[in-house]
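Quick one: the structure is below, and I'll ask about it shortly.
Labels A, B, C, D and E are assigned to the chains in the order they are written; within every chain, residues are numbered from 1.
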Amino acid sequence: MSTTLLDTLRQRVPELKTEDNTSTPAAGCTATHVCTTADIPAIAEVFKQAGYCLEMLTCLDMRADGGIFRLVYHFSRADVPDRHRFLADVEPGHEPPTAALLFESANWYEREVYDMYGVRFAGHPDMTRILTEEGADYHPLLKDFGVAHPTDEGNGNA
Amino acid sequence: MPRDFVDIFGNPWLAAAAAIAVIMGFLSLNALMLIWMERKVSARMQRRMGPTERGPFGLLQTMFDMIKLLGKELITPTHVSRKLYLSAPVLMFVPIVAICSLFPLSENWVFHKYDIALVLVLAFSSMSILGIFAAGWGSNNKYSLLGAIRSILQNIAYEVPLILAVLAVVLVARSLSLYEIAMEQSPIPYILFQPLAAVIFFIAATAETNRAPFDIPEAESELIGGFHTEYSGMRFGMFFFAEYSNMVIVCALATILFLGGWHGPVLPGVVWFLIKVYALIFIMMWFRWTFPRLRFDQLLKFSWLLLVPLAVANLLVTALVLKLL
Amino acid sequence: MLQQETKSTQNGKPSVEELLREAGPLVHLDVLDNLLNQARARSLWPLTFGLACCAIELMATGAARFDMDRYGAGVFRPSARQADVMIVAGTISRKMGPVIKALWDQMPSPKWAIAFGGCTIDGGPFKYPNQYAIVEGADKLVPVDVYIPGCPPRPEALIAGILKLEEKIKAGKNFKA
Amino acid sequence: MQSLLDIPRGARSLLKGMGVTIRHFFRKPVTVEYPRKRAPVAKAHRNAIVLIEKDDIGSHNCIACLQCEKICPSACISITGSRPDGIAFKRPDKFDVDFALCSDCGLCLDVCPTDTLGYSEVYDAAGYSRADSKFDLLEAWRDKEGEALGTLRERERKKKEEREAKRKAAEEAKAKAAAKEKAEGKEDDKTGNGTAAS
Amino acid sequence: MPELIHVGRDEDRDTYYLNMGPQHPSTHGVLRLRLLLKGEEILEAEPIVGYSHRAHEKMAENRNYIQFLPNTSRIDYLSGMIYNIGYCQAVERILGLEVPERAEYIRIICCELNRISSHLLWYGTLLMDLGGFTPFLYCWDDRENILDILDEVTGSRLTYCYGRFGGVTMDVNDEFLQNTLDFCKRFRERLPEYETLVTENIIFQNRCKDVGVFDQELAQDFALTGPILRAMGHKRDVRRDEPYGIYDKFDFDIPTLNGADTFDRFLIRVEEMHQSLSIVEQAVSRIPDGPVMAPKVPRKIKPPKGEYYFAVESARGHFGMFIVSDGTEIPYRIHLRTPSFANLSSLRSVLRGTMIADTVAILGSIDIVLPEIDR
């Protein structure tokens, strides 16, 4: 079943690097794939046909090593536990294509990623902030935003 | 024939003033008692204790509430249309005092002997809806507006079965005077003749006072405060006051029409009358603390599609039976 | 005329303020004030206003076992116009700040505020340097009368807080913390 | 609306519902009248942390190691300690807890090496100002501090004496052993000499 | 906080915006629903969240793994125990820590009791939203019994911090087990009473039947999870699909109905309470003796570098923790995939065409907790 899925995936996105995680249960997903943001809509379409849902979408601030934001997509199946993780890198300032047209849940996820990281999504129906206060001009989850760098032994509050 | 107030005081104006004084006294005492009773009944039904710390069994709690409400600041929001907003509590309260003067409490306890008391009661009771609408429309607040619209539709919808049920009784008693209706029922209360009319009357009456499953106009969980959202201090107290007085009126009407007013084996007339009224009030409170709220359109359908046909059918059957007798 | 009078106190004549102070108020309102305070203390209507975890303990206090209604405080008024005491229960986020301020202004005048829970005293477990999301303490928004620490405090703590607020109201003007 | 046949079923369900509430009307309420009677609170209930009396010192046994201050997620503990003379461990001069910040997580109790932290019995604290929720934990032990220092010094002295006694015993043992060896050595020499001489 | 009436007249319909503002008796916290209304019928519904955003994820990045524990039970304070122990299980799986058998059983008992108490609170608030106040008080009375039992061993009533990496802080005595059994027996006797008072009540059925029907593709579109998904016919439960802890040793079935309306969501949760009761009874009867803490737990938790994901079944649905570690003691990123965030976003398309009274019923049946949405 999932092999046919991977084949259709590879047809649509040839240069997809896949790494199988069934051996490491802690990773929590059957396979991790690294792709570019351009082919996210294609991937989303494949998973939509296969009946998967976009369970999670978040972002990592990797500007320290590599100067990029890394988007993490989780596609998960309804009845059989099968989860695929997609990592897509975004240069700061670029706008990855939105997945909200295919998966409605992406609408709020992408708004949250924009709110927290400042990564805007092209084609998003309502690209506004969702969680922070009205009139907030900062993106809180960026690594350099307002945290006293935590020393190893004490916590950030010392 | 009983000596009514006009005979006692001679001059009718004096009699009217005395009647108003008695009614206001009775109503305010009654409202304090009922609010306390409602909180205690609801508490007991919910496994808790209700007001206990203020006076014996918490009896003084409502008095403190009223004094506090008197001492509150009366906010008149700027975006409010003052005339409607300020007149609403008065509009709501005046018909109640008027209705109370029509009830015969017992053989010789009646303010004035009217021969068409029933028509007056129904006329005045439909006036109090103006107060609710003035409050809702006047306070220029979307929630209050919704509450006002809902209360008008609901009162119209439940006025019709109320009147039809009352008509059935009038047919049987062949009189419009509350005093004579009550006198007719000395041996057997009309509830035995008209059980369906009694049920319809009681359901429509609960809806009339915006209580229990029909408390859509001030549905707390949807419309925050319904029509009295913008009212504070003693103005809100007046709405509270009016609601409980409405309850008394409706239950008094029910006792006179169906439970035979003051007729009862041993105790004096007035005591029987009050026992029956408070029993019906207890049932109303019982309704409130058991049932969830009807949705607005179901409420209207329930009245137009169910209560009204039943009431009309009941009326026809009564007329037929009376014709044959 | 009053101003010159006060200036001429050097030659030993008592100034007008002293005279007024000795004479005391012309109309003794404090008896009525005291009566109103006694009534206000005994019927505090809270505003239904739960923000986060402490709201559950607020509901627990209104429920069967601890029953705030024994003190007349069980009448939860949803509309701010009819509430006397605003029990701020839960973390106050920055986005919620103006809403609380607006609700406080909508409440009629003799009004009090109870800061229920650590977050409303000074940020609670969510306080760390450069915290961007919460208002650290309800007294930055509304004048708080009673602080109840705990995360979340037990329902008994809220009843104790209400009793403390009642003492404060009963004491009226000459209340010393 | 449901069909006309439903009315009896509907009415019966309403009446049975009313039966439930009226039954509760006559049952005893479950309310605990708080100030008058207090509901039993679990022993393990977590309130504000306090220093508890530890193994017969007559006072707390906090050695101001600042472990709890480091681990506390909301940094609500602040301690300054100093070493009184004659005692190996430090004693806290200031032990303040801002209970408004505390989230009752219990990490400080896990981490305390001398297990001298516990939970207080007061679960209904309420105050008129922010300062009412800042507790000074040493206040309860201030008067017992002198006596505790006495017992600690005395225990320290006893330990020092034991150490000296042990050291002395060790030396004697060594000395005796050395003496014994010398004694055996002399016999060896004698035997040795004997053999050598013959 | 109702705004002034400004009636926006577009060509044929007079519509107006109504603000079921952050302070509303039936928005279960500080959700703001901006409704575009025509009379009582809703044309557009926009849930506005963020009013209790407390920066949990930012706090995860400035304290080490053990210090993030108290935060976990405050994300969704109704299933605080499930979140707290879920976080411990996530880190244990990353570190490969073995938890002793008795601790696993205690965790199962506490999580299921917490699930029942969360469903009881949902039961009460749903009924209060529909206008019946009495069931709310009955539910709270039973919930207080659960809180007493859990208070006995965890020390707190709502925001538990009972789990540690490698086990639990305090062992459980026989009195706790006996109390749990008594509660289960007494609660089973009370459930029929709720049945007559609410489930068979004709008014309640009219208010809930065929109200807020979720059509099938919503499940995939909005990534719905939890009782909402199970009311749409999908037999999906993280405890069964991706078993964690020792859930596979217990036999409990996952209730599913396919009416997908408020009444079915109601029945699903009532059935789930029965299932949790049976799990608790099985766990109490088979709990072994032994330690409650793993023998050697590393003093400093430094998970190896990499991305990990762990999911548990909370009372509201699939709660997942996406933990990214860079090898140090401070987590690089912990993203909390909370169920209500996705479930609430489905409100946008479900509320079209319903009435205000239905909004309250649907919102109550979705059972959301605001700080879990705003994190």
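One rule holds for everything that comes next: a contact is a pair of C-beta atoms (placed from the backbone, for glycine too) under 8 Å apart; a residue touches a chain by one contact, two chains touch by 3 or more.
What you are looking at is a predicted structure, and each value in this text was computed from that prediction instead of being measured.
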(message) Between chain A and chain B, how many steps is the shortest route if every step has to go to a touching chain?
(response) 2
(message) Touching both chain C and chain E, which chains are there?
(response) A, B, D
(message) I'd like the most central chain, judged by C-alpha centroids against the all-protein C-alpha centroid.
(response) E
(request) With centres defined as the mean of C-alpha atoms, identify the chain lying farthest from chain E. (result) B
(message) Between A-E and B-E, which chain pair shares more contacting C-beta pairs?
(response) A-E
(request) Sort the other chains by how far their Cα centres are from that of chain D and give me the top one. (result) B
(message) Measuring centre to centre with CA averages, how many angstrom lie between chain A and chain C?
(response) 47
(request) Please compute the C-alpha centroid of chain A, do the same for chain D, then give the distance between them in whole Å. (result) 45
(request) Measure off the straight-line distance from the CA centroid of chain C to the CA centroid of chain D, and report it in whole Å. (result) 37
(request) Going through chain B residue by residue, note those that touch at least 2 other chains and give them in order. (result) 43, 45-49, 52, 220, 224, 229, 289-291, 298
(request) Could you check chain C for residues that touch two or more other chains and list them? (result) 63-65, 67, 70, 78, 93-95, 125-126, 128, 132-133, 151, 154
(request) Give me the residues of chain E that touch two or more other chains. (result) 24-25, 50, 53, 55, 58, 62-63, 67, 70-71, 74, 134, 137-138, 141, 144, 159, 197-198, 201, 203, 206, 374
(message) For the complex, give me every residue of chain D touching chain C.
(response) 29-35, 38-39, 41, 47-48, 73-75, 98-104, 123-130, 132-133
(request) Over in the complex, which chain D residues touch chain B? Could you list them? (result) 1, 7, 14, 17-18, 20-22, 24-25, 27, 29-31, 33
(message) Give the list of chain B residues in touch with chain D in this complex.
(response) 41, 43-49, 52, 286-287, 289-291, 298, 301-302, 305-306
(request) Flag every residue of chain D that touches chain E in the complex, lowest number first. (result) 2, 6, 9-11, 13-14, 16-17, 19-21, 24, 30, 41-42, 44-46, 71-74, 103-107, 110, 119
(message) Applying the document's contact rule, which stretches of chain C touch chain E when the two form their complex?
(response) 47-53, 55-57, 59-60, 63-65, 76, 78, 80, 90-91, 93-96, 99, 102-103, 125-126, 128, 131-134, 151-152, 154
